Amino acid sequence: MTEPDSPAGPRMRAWMEKAFPICRSISGDGVRRTLDLLETALPSGVTLERTGVPSGTEVFDWTINDEWNVREAWIAGPDGGRVADLAAHTLHLVSYSTPVHTQLPLDELLPHLHSLPEHPDWIPYRTSYYHRDWGFCLPHSHLEALPPGDYEVFVDSTLEPGELVYGEVVLPGRSADEVVISSHVCHPSLANDNLSGLAVSLELIDRISRLEERRFTYRFLFAPGTIGSLAWLSRQGDRLSRIRHGLVLTGLGGGGPLVYKQTRRGDRLVDEAAAHVVLARGGEVRRYSPYGYDERQFNAVGFDLPVGRLTRTPHGEYPEYHTSADNLAFVGDAELEEAVRAIVEVVEVLEGDRTFVNLSPYGEPQLGRRGLYPTMGGKSASDEVMAMLWTLGYSDGETSLLRIAQESGLPFADVHRAAMALAGADLLGPVADEADIR
Amino acid sequence: MTEPDSPAGPRMRAWMEKAFPICRSISGDGVRRTLDLLETALPSGVTLERTGVPSGTEVFDWTINDEWNVREAWIAGPDGGRVADLAAHTLHLVSYSTPVHTQLPLDELLPHLHSLPEHPDWIPYRTSYYHRDWGFCLPHSHLEALPPGDYEVFVDSTLEPGELVYGEVVLPGRSADEVVISSHVCHPSLANDNLSGLAVSLELIDRISRLEERRFTYRFLFAPGTIGSLAWLSRQGDRLSRIRHGLVLTGLGGGGPLVYKQTRRGDRLVDEAAAHVVLARGGEVRRYSPYGYDERQFNAVGFDLPVGRLTRTPHGEYPEYHTSADNLAFVGDAELEEAVRAIVEVVEVLEGDRTFVNLSPYGEPQLGRRGLYPTMGGKSASDEVMAMLWTLGYSDGETSLLRIAQESGLPFADVHRAAMALAGADLLGPVADEADIR
Amino acid sequence: MTEPDSPAGPRMRAWMEKAFPICRSISGDGVRRTLDLLETALPSGVTLERTGVPSGTEVFDWTINDEWNVREAWIAGPDGGRVADLAAHTLHLVSYSTPVHTQLPLDELLPHLHSLPEHPDWIPYRTSYYHRDWGFCLPHSHLEALPPGDYEVFVDSTLEPGELVYGEVVLPGRSADEVVISSHVCHPSLANDNLSGLAVSLELIDRISRLEERRFTYRFLFAPGTIGSLAWLSRQGDRLSRIRHGLVLTGLGGGGPLVYKQTRRGDRLVDEAAAHVVLARGGEVRRYSPYGYDERQFNAVGFDLPVGRLTRTPHGEYPEYHTSADNLAFVGDAELEEAVRAIVEVVEVLEGDRTFVNLSPYGEPQLGRRGLYPTMGGKSASDEVMAMLWTLGYSDGETSLLRIAQESGLPFADVHRAAMALAGADLLGPVADEADIR
């Protein structure tokens, strides 16, 4: 794939800066405004389609909640000063807080306040989606310093029938078979979790939209976590069988190497493709566990979809996770750019993996007379020759190019290039049509 | 399982102290007296059944030997003092020594004497079951100091048609399918090998007899090594097909971590259950080898039974093995108690392992409205929640709770508890009835 | 197998000394003279059969080249002195150099000269089989010192229709199924690559010809690399299906441990046999790669033959490879002798591997009454007893002696000896006739 004209890191950062202040949750205008921002950044000709699922709709074991919106939320101290204010940081307010306007003494306020004693300067992120309550989050140092006295609490929120909204961007390919790339869109002012996933997705849309041709259809899903992906899943019906590969993207801008989390089965093509790419980049591959992001919905027993997850250091393993320290300074341009490159490489494997049959299988063909081998013998073989020998030597109609890359230790791109050269010299022929690709 | 009232370690030790002085062999009154001691220690309502197999009976490739009994055996030196005396230690006499009363000079006596030059203060354990001979064992330091002169040898033994005796304790369960727990009963005054196995078995009988209900029938076998287990096997016929799981117990009170030796096939449920328990306790799992205790009979090609073995440091790997240094001081109460706990855990896996099917398989069910999930979101999940997520996430009708425990790294007991909670909330349903359990 | 009378190392060295000066290539009299030398060294009654394949013959994707012969080749410097002379070292001339007699200045000569800057005193080995050209190789220190001026170049070679010649030695066995042992015969004065393979093959012919009986037919192939083995393969037709096992031998006299390179599939019996032998000798087993010697032809997708390769440090991994430093001093007698011993051990596995069924499968048979077990019990088992217990314990009609050796960690020879003793005592019976051997 060709590189776009301007550098990707600053472009992704500029988008995240616009999206950071928005108060997102699993429903409400924050999601709509974020989808607006995504839409604005799409390449020309590419569109974002929105779906609204009304409150009260049953979604498998769940029911779509009332829509939550908030205009203002603060606590004023005995001296009238603001102790916590949504306008200062969206994390100050527990997500889905019910409306309240009251005065109450410190000891009655305290049960509604949340802080992190181990990180006294950070604001934690808390939600109460399905238990009607209100609450505020603030730095533990501030909480400890609160004087006795009466506090005024004001939350101007609404919890009313509305809808849950998600967005989709589709890049059609030769086949209706799909690669699904999903990023949750519900978290408020947290940069790594998950503005990084959204920004990387935007960049991928740009790159993949420019491919001369696409073997697969690519579907980017921007939905609220858990309930949003379940709502999307509930509306797919038989179309789920079109999902051939998938990735959940999140936490790609923080520190640490790339970490690929396998599908539940662990032996899908996306698992092998991602392992090939991520391990070559010094990253890590982990087995599936039923905890994390929306991969747990896609991999649920009833769906069993081939959807892995790519992050850097996973949730819960870095202290900034779900705190105000997961801010724009916490994510790095280089990290985001490498994540884009790695996913593009995974896409190249998914697009380019084929199984060939050696058309000159009785011993090695004479590469030299086809200009594919050096004329002077006696020296060791070049990488290019080795890629051809591996591809010829294993193209038995059963072994895919990706398997050959894994077996040889060569990058997939080298094996693919060799296969194209050999196919051009009529030394390899196709064995599998699109329908046969696993 | 509930803990019994008094501490197990001292109780096991008290029993071993009574059994230690008895001169046991593969036949004779020593075995009968040991079975008496076992019977006395059984919980009320539990009985020990004895079987006698007459001398001369053919048992597969073997023939039951004459019964051996000995009343007195000693060597007196030139000065009349006792050089070795069965009354002082049962190991002084080679087991199955023929009767003799003679005088002979030192050089003719020496071929009948056995010692351990590398451990000059210990008496070795020697037998001559199938080659008619007599012999004595003594510390090498004593042997070295024997003066020239005439020695009087007296062995008042009998080798006459009689019977080989073994005992069985059966604790019936819902199913006639059996778990067999076997401990050899033929070794004389050796504490780890195998009073430890007998004492642990007694304790297990106590614990398992108190279970509210048992899925399996438990059969405890107390038989002389090799020929005794073969005699038992020869009388089972079709009943052998009822043996679903089994363990040979020996050497559980000496030093070192728990060591589980797999069945010959190495992939039986008892192998996985024992590995799960033993590895979590810092123990070791070893592949099968056709040398050791009665597991070699149970695993013989013609029987191929799923019977593993639990020990601490195995036979031959500790210097005290088969010497007078394997005495009551060599075994520890804490070691015996841990062995009991570990086997109880294995039994809990065998009893509790099931395969469930997720009844709410389309994404994660909403645990919160069932009171199974914390109301405040944003924090990491508790161990209890994780056990439920793993159980839901893998209960596809094929993956057993033990597999889920292995995959998740959680203790079986936690996964089992989560499964019971989920089944109580109608989120899991049964897939396998008793007949389907592998 | 019995050891021959005189020491093998000096015998192999003496042969290599005769063969070293010959100017070999993929065709021509050098190959014929080398086959003559091999023939002379064969044991009496054993013959070498030659096959000539005419130039122009199509061999799969290749065409047999014109035959190349050279009588004289040198470069004289401006002062008339010889800069490089075939008579001094066969490596001086690029193999398949076209005839030339000309005078030319240094700058026009230089493109025809080859050297190794990193090893300035060594002459490299270069070929130009399929690209008509001439060239010389010389030490880089000499090349650097060439003065300006006119040089006389003389190559008295012929490239004319002729034939490619290969030789075969066949030692018939009970079965027409074959073990193929192949060594390339095309390299000029290089000792490790491949006089070592030829000398070891000669020694193996001697050893295997003396076997009292052979289960397999052994075919030793002495062919030029690549095109020679392809020519041989092209003339086999259905006889290829008779090849049950095979080895390519080369590079056995240089340094480093034995290195076995697996067949492409990696799970053939020769892979397991060679791994068993080579690992026990501290050697190394590597996966297949489609680069190297003639194993790449035998393992090509269309042939897929079970042919592995044995070397010490493989080609390209030692600096002396394909240079004048691969001389007779570079190979060691002890290394060659160990290679012979190792291959003889592999042959012993291939000849001796069988699958037996335990005829006394219900528990352990009573070895003692057959004189196969010590009469005095209580001690640990001897290696001999252990080999019998392993063989009995795993001879279920499916597990071969080699598998038992691998599982037990015992040498194959010990397990085989135990099996013979047990079969002699009617405790083991045959399960597989020759036709069943994989």
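The first chain written gets the first letter, and so on, giving A, B and C; residue counts start at 1 in each chain.
Here, a contact is a pair of C-beta atoms (placed from the backbone, for glycine too) under 8 Å apart; a residue touches a chain by one contact, two chains touch by 3 or more.
This one's a predicted model, so the numbers in the text were calculated from it and none came from an experiment.
Chains compared, chain A against chain B: the Cα-based superposition rotates one onto the other by 120 degrees, nearest 5.
Although chain B and chain C share one sequence, what matters here is the overlap of their interface residues, and that overlap falls short of half of the numbers used.
Chain B and chain C have Cα centroids separated by 54 Å. Chain B has no residue in contact with two or more other chains. Looking at the complex, you find that chain C touches chain B at residues 358, 360-366, 368-369, 375-381, 386, 389-390, 392-396, 407-408. Across the complex, chain C is touched by residues 60-62, 94-95, 114, 124-131, 133, 226, 229-230, 233-234, 264, 287, 289-291, 296-297, 299-304, 316, 322 of chain B.
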